[in-house]
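Every chain is named by a letter (A, B, C and D) in the order it is written, and numbering of its residues begins at 1.
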Amino acid sequence: MIDNWRDAFIDLAYFISAVLLIISLNQLGSPKTARVGNQLAVGGLLLAIVATFFNRDIAGGDYWVILLGIAVGGAGGYVMAQRVQMTAMPQMIAIFNGMGGATSALIAVSEFLGKSDLGRGTVLSIALGCIIGSIALTGSLVAFAKLQGLVPSRTALPGNRQLITAGLLGGMALLGAITVILQDGALAQTVLILTFLLALAAGVLLVMPIGGADMPVVIAILNAFSGVAAVLSGFVVNNQLMIIGGTLVGASGVFLSLLMAKAMNRSIGNVIFGAFGATPSAGGAGTGGGESLPVREVTPDDAAVSLAYADRVIVVPGYGLAVAQAQHSVQELASLLQERGVDVRYAIHPVAGRMPGHMNVLLAEANVPYDDLYEMERINGDFAKTDVVLVIGANDVTNPAARDDPNSPIYGMPVLRVDEAERVIVLKRGMSTGFAGVENALFHNPKTSMLFGDAKASIGKLIAEVRAA
Amino acid sequence: MIDNWRDAFIDLAYFISAVLLIISLNQLGSPKTARVGNQLAVGGLLLAIVATFFNRDIAGGDYWVILLGIAVGGAGGYVMAQRVQMTAMPQMIAIFNGMGGATSALIAVSEFLGKSDLGRGTVLSIALGCIIGSIALTGSLVAFAKLQGLVPSRTALPGNRQLITAGLLGGMALLGAITVILQDGALAQTVLILTFLLALAAGVLLVMPIGGADMPVVIAILNAFSGVAAVLSGFVVNNQLMIIGGTLVGASGVFLSLLMAKAMNRSIGNVIFGAFGATPSAGGAGTGGGESLPVREVTPDDAAVSLAYADRVIVVPGYGLAVAQAQHSVQELASLLQERGVDVRYAIHPVAGRMPGHMNVLLAEANVPYDDLYEMERINGDFAKTDVVLVIGANDVTNPAARDDPNSPIYGMPVLRVDEAERVIVLKRGMSTGFAGVENALFHNPKTSMLFGDAKASIGKLIAEVRAA
Amino acid sequence: MLGIYILTLAIFLGAVLIMRVPSTLHTPLMSATNMISGIVLIGAMLVVGSVDSWWLQVLGFLAIAFSAANVVGGYAVTDRMLKMFKQRAPAAGTSGKGER
Amino acid sequence: MLGIYILTLAIFLGAVLIMRVPSTLHTPLMSATNMISGIVLIGAMLVVGSVDSWWLQVLGFLAIAFSAANVVGGYAVTDRMLKMFKQRAPAAGTSGKGER
């Protein structure tokens, strides 16, 4: 057994920390306990960090390097966390994924350059960790830049995309394999550094051509990457806690990517290797075709009246609401109606907004109690019993073509059945399509009337009119 | 890494087997996939068994011992499994728990007597495995005997029960500790054998005084014991597959014991160290008091008519239905009513019958589709909308005292809210109490009418009358 | 230490998986766990392999017989029960649809 | 071999736990996993402890800074979001009660 108390303490601390991480993930399963869960997790991490200071290898100057690093990084992270807008959450998460990947890559590299006679298994973990971590790093930076609009949404690269991809993957596999075979020595180190650089490039080249609207999926995938990279560095330094923690992250990333892909009725491969480039043109055509079809407009006061005198109203918020930062005005309108005895609920599509659960956060920020928010499965049956549906900056998630039109690119994607309600009022700026780039027949449905303009402005008018009504 | 292919194959087989066990448990989570899950599990076990034949230590005569043992045991198990009545399921499970515990105990003993210079940790696992396994063995046999009525339900032992219990536990702890301290040699072996014998006695003495009606809880606890014992033998022979498998069993046993205790509004300790001995007298008194209160009897034809002309009927089956073996006649009655357009559903209390999920199995045997069976939480709201509730051999699970009467021993136990229905018809043989031994005010509720007699006979009459109606 | 990690993870995993099992299936679950506890059979085999004296072999034989009975019997009885669980033929089924 | 068992059990456990998270909480879940992936910080510390050359120490410093940012930032932003999640005050709450 363990004959040394210092090591025993460290082992125990790591073990407890692992247990805390697992429990915390369980607590994150319900809004009531989620906050405690988050605190348990950070508690576990802090415990592990403190324990690590007792490791024998850490001595003298190391403390200063470590403490300084923690201070700098921690402060930076804290500021970011406080400053970020809720609408910018995807960018924030992208950055964090990148930093996670970077850490794992750096661990792999410095372990390989710093130590000699490492076992084959360890070297393999090093090579893989270096590749995956680096891709997570640069890929996330590109994703961030796209979400921020720093680089154009769809950047066609010169040359055949499939070819480039294949080349990059092949090259990294080759270099990685060589590293593992050499296993040791100056040459091996050079090869690993080349692998590292190639992987950094690969992250950029793989994500660059992906459409900006697919970034959320990319982010979830890179989230998984950062987790897998953590697992691998766990194998590198032979630490179970890192393996377990990384696995939990990886599982979450994989699950959310699949969820999004499913909700968008796309395959992961289709997102990454993008047959998607085609759709928008189709969308453009769709939009063109759209103009010809009749569209009923509605005046704010008319819309306000039918809202004010309805029994049941369902609000369908979408990405546009986020863009317009209209969440607070929506809440104001909703409570106005509720005061008048109208039953107001929110229907949240799993991929409304720009990342999973994004709408819930935005509306929570606007003090909408989460038990007014209904997930699609729970509320889809109720639209038929609803008087007015208020669609605010949502488009694809309401598109009936997903149910009716087998030729539609989004056919099969589960959508909110808004067109079953008595009346539908749509708030958007114009007739342009959503991110899927497809025409939405809902807007031409006789039940539907459009209130054009920026969501926030339109809602402002509605509020005024409802007050008047 | 592993330098030997034979061992590598065995390790791999064990690993796959562990994965199969985990997946199977997941599949057991839904009636649709449960059967596949069961097959996956047995597949995993067979794989592990086959792989073990390749172990180097097994040679020559060992094969015959093993094959003969598997043949004999397997045949015996198969016959039991085919012969057992669904109503006798608790007995069957008791026997299996006992055999599982026995195996672990035998492994512990023969490992200790057969090998020398074992590590402290191993010896500790041996001592614990021997104790827990033995208790599971003899305890299960007693539980079986009680369920079969071979020994009287409540056997008061001479002397103070708490004292005996304490003595037994203390004695085992002491002997076990000595074994671990001695760790090796003839004396240690003798002490372990003493531990073994004392544990066998303890199993008997601990379970003997527990009321027969509590046997299901005891069985679940012993199920957990058999799992824990398996984990310990896993540590003894240092085998991860056994550790994982045993853990899954233990988790299930613990969960089901807690579930039953909760549904019976008792604590595990209270069940084992039995403040329970008191209750029945209270029940007797209750019954006595019961006679005085008015009770409405009903004739079969009257009952049949109100069933035949009802829109909504809910059947509440209880332990009495199992005793009367009336499940098939109930199904016949139900389908008769359904043919007449009556909406018939079954409300299943979590601890109706004599083990968790027991009613579901009995009704499934009678070809009742499982989507007609509603768990308490799902159906409790619907009693208010129900015309007739047919309570068949159920008692405690319908007792309103659990909600109204803070002094009732079952106060706080969640029950079916049958008294919210228009009318309640109760089929039982007399006014005697259920297993909790408490008077049931439901039977004196003006809404309630009693149809006395054996459940099967009474239902037979109802069927005839409904046909006539 | 690694053993502890495996044990702990298995405990959490087992707990989460078991909690997902609906009470409808609790009896088959119990008999299925009887089968799974039969995994000690491989332990018994290893013991038979490692001990020499005839009477320890006898103990091993008993252990093998018991656990084999758990594997076969547990599987058979669980399968017998699960075979009986039937969903209502879609044709018939309407009552209480709302609940689902 | 043991490492593989730990990894596999953790994968299953993670999958089961994540699937329990309602979509309402998917964004906080993601930022929380960002924090958890900050666990690599301890790996970075070990590296700093084990390497000597100044420039490897620099790499280690960067690694530590990045992962510390994940831990602190991931926690802070998740907490910020979760603080905002409110249940309706029981007084008001009736609309759509049936759903629950």
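Remarks
One rule holds in what follows: a residue touches a chain if its C-beta (ideal position, glycine included) is under 8 Å from a C-beta of that chain, and two chains touch if they have at least 3 such contacts.
Because the structure is a prediction, the values reported are computed rather than measured.
Across B-C and A-C, it is B-C that has more C-beta pairs touching.
Using the mean of the Cα atoms as each chain's centre, the chain most removed from chain A is B.
Averaged C-alpha coordinates give centres for chain B and chain C that are 14 Å from one another. The mean-CA centres of chain A and chain B are about 45 angstrom from one another, to the nearest whole unit. The geometric centre of chain A is 40 Å away from that of chain C, both derived from CA atoms.
Mean C-alpha position of chain C lies 34 Å from that of chain D. Residue positions of chain C touching 2 or more other chains, listed in rising order: 2-3, 5-6, 9-10, 12-13, 16-17, 20.
Residue positions of chain B touching 2 or more other chains: 22, 26, 240, 244.
Contacts from chain A toward chain D in the complex involve residues 14, 21-22, 24-26, 28-32, 34-35, 37-39, 41-42, 45, 48-49, 52-53, 55, 57-59, 61-62, 65-66, 68-78, 80-82, 84, 86, 89, 92-93, 96-97, 99-100, 102-104, 106-107, 109-111, 113-115, 219-220, 223, 226-227, 229-231, 233-237, 239-253, 255-256, 259, 338, 343-345, 348, 350, 355-358, 360-361, 364-365, 367, 369-375, 378-379.
Per the touch definition, chain C reaches chain D in the complex via residues 2-3, 5-6, 9-10, 12-13, 16-17, 20. Of all residues in chain B, those touching chain D in their complex are 2, 11, 15, 18-19, 22, 26, 240, 244.
Across the complex, chain B is touched by residues 3, 6-7, 10-11, 13-15, 17-53, 56-57, 59-89, 92-93, 95-96, 99-100 of chain C. Across the complex, chain A is touched by residues 1-2, 4-5, 8-9, 12, 16 of chain C.
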